[in-house]
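Multiple structures are listed underneath, in structure tokens.
What follows is subunit A paired twice: with subunit B in the first complex and subunit C in the second.
Entry: the complex of A and B
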């Protein structure tokens, strides 16, 4: 999927919160009203982010396997870059 | 007006566009005017129903090409209203082109949760001059754009920071997920 782009962010005015929790599950959409044979695995994730005041916001989303692999690659790339510093 | 592989193919493509690819302009009337202008309304209605039902069968079962052949063969052996070789040829051609695309469309149509539209990141390096500690301590800043399927105009932007240990934890999660995918999903 081309939806996830690897882009280095330029300077932004926003203050990033801190990631405090990540939860995930792996599921399979078995069938639907239009397709008895959907057989579509997905990864659902929930992230908890604390802002500077400690207030926690929750964000959830669902990824197809290719989308998840793209996301995972991005995180690995980021870690690899961090190692170089 | 005879039905042949070519005009049946055209009809199937038009139906797929309307039913799956979100192109509602391909109405039954429009398709008739474009493909079967000389066919009687009654004959067209019958043909339409026949093609729609066949397509639903293919899509619902997400038939592979062996299953498709078996299905077409069984339809051609019917006593009444048997499928012709011309029709079978149209379905083969249609399915070859549209099978995966239709399936992918149905998969994304059945995600009623938020989707991750874009991932961006940068690495910040914090340095402090007063103490020797914390010099050149990198932190990862991630920005996620999360899209709600109901309101695709509104994107939620989430930014968060991770130090090396939090990132290591995230990577471990990713690895755990990948291991589960390999175990449970024979892709």
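Entry: the complex of A and C
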């Protein structure tokens, strides 16, 4: 969603970790047990996040193409706003 | 798959009071059938006004036929019609054929959304902050982005909805720019995949 987060991290005793690395893969689902012919692209990403103590955790997940495009647009938007600060 | 279908049980669909009811039953069977939802049997019985015993067999057969059609991705009515026995009720056969063709894309999309997958990103939020001071610098003005991504894990227990977990990351301008480079490479690759 485009709404700004209303989370108070300090209240929850959580800090956001620092993004250390982002790996990605563009895949195409060829077929599945339910569809002989899919040709459905998807993006898979692995994010490496370092917490305050330096411990690194990894998170891997998939995005559909519309999700990826939305994510990509919003990251661009955010970078543009950062320029203005 | 369709060869093992008991086509005579499909005739229960004739009890539907309208074509719309048949459409609803087909949709429920394909969409809810894949998740083995408990509500499917009662929903179909309600739509047709039939008893659970006779309806169970019909649901199994209909599910088998619809799955075969979607698996092969048939686009021609004749391809679907040839699945049915020659003496099968022609109007019902043609109705099921039409419903399957009309819903092909929707059902395929549903299938994709429930197929084997890594955990899925379901939502993300972001906030732009300015760091004003820290224990090492008394006055500063550094913009940072806080990004929260909500990821839905794969289901481990068939009866419970899978858990969402949050990934909270802080991105400096430099990190964000590097990420944008990566994202634009993905976009380039996507356009070349789309062109093939």
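Definition applied: the second predicted complex is superposed on the first by the 72 of 85 C-alpha atoms of A that agree within 3 Å, B and C clash if a C-alpha of one lies under 4 Å from a C-alpha of the other, contacts with A are read in each partner's own complex, and residues count from 1 in each chain.
Throughout what follows, a residue touches a chain if its C-beta (ideal position, glycine included) is under 8 Å from a C-beta of that chain, and two chains touch if they have at least 3 such contacts.
Being a predicted model, the structure only gives us computed values, none of them experimental.
Trainee: Let me test your reading of the model: by the given contact rule, A:30 touches which partner, first (subunit B), second (subunit C), both or neither?
Mentor: Touch partners of A:30: none, neither subunit B nor subunit C.
Trainee: Check the residue A:56 against both partner chains and state whether it touches subunit B (first), subunit C (second), both, or neither.
Mentor: neither
Trainee: Residues on subunit A in contact with subunit B in one complex and with subunit C in the other?
Mentor: In subunit A, positions 3-5, 7, 9, 14-19, 22, 24, 26, 28-29, 32, 34-38, 40-44, 47, 49, 59-65, 67-69, 71-72, 74-76, 78-79, 81-82, 85 sit in both the subunit B and subunit C interfaces.
Trainee: With touch defined as at the start, can you tell me which subunit B residues reach subunit A in the complex?
Mentor: 59-62, 103, 106-111, 113-123, 125, 136, 138, 140-144, 146, 156, 158-162, 164, 166-171, 173-174, 177-178, 180-181, 184-185, 187
Trainee: Which part of subunit A faces subunit B closely enough to touch in the complex?
Mentor: These residues of subunit A touch subunit B: 3-9, 12, 14-19, 22, 24, 26, 28-29, 32, 34-44, 47, 49, 57, 59-65, 67-72, 74-76, 78-79, 81-82, 85.
Trainee: For subunit A, which residues are in contact with subunit C within the complex?
Mentor: Counting only subunit A, the residues touching subunit C are 1, 3-5, 7, 9, 14-19, 22, 24, 26, 28-29, 32, 34-38, 40-44, 47, 49, 59-65, 67-69, 71-72, 74-76, 78-79, 81-82, 85.
Trainee: Within their complex, state which residues of subunit C touch subunit A.
Mentor: My answer: residues 34, 67, 70-73, 108, 111-113, 115-121, 123-128, 130, 141, 143, 145-149, 151, 167-173, 175-180, 182-184, 186-187, 189-190, 193-194.
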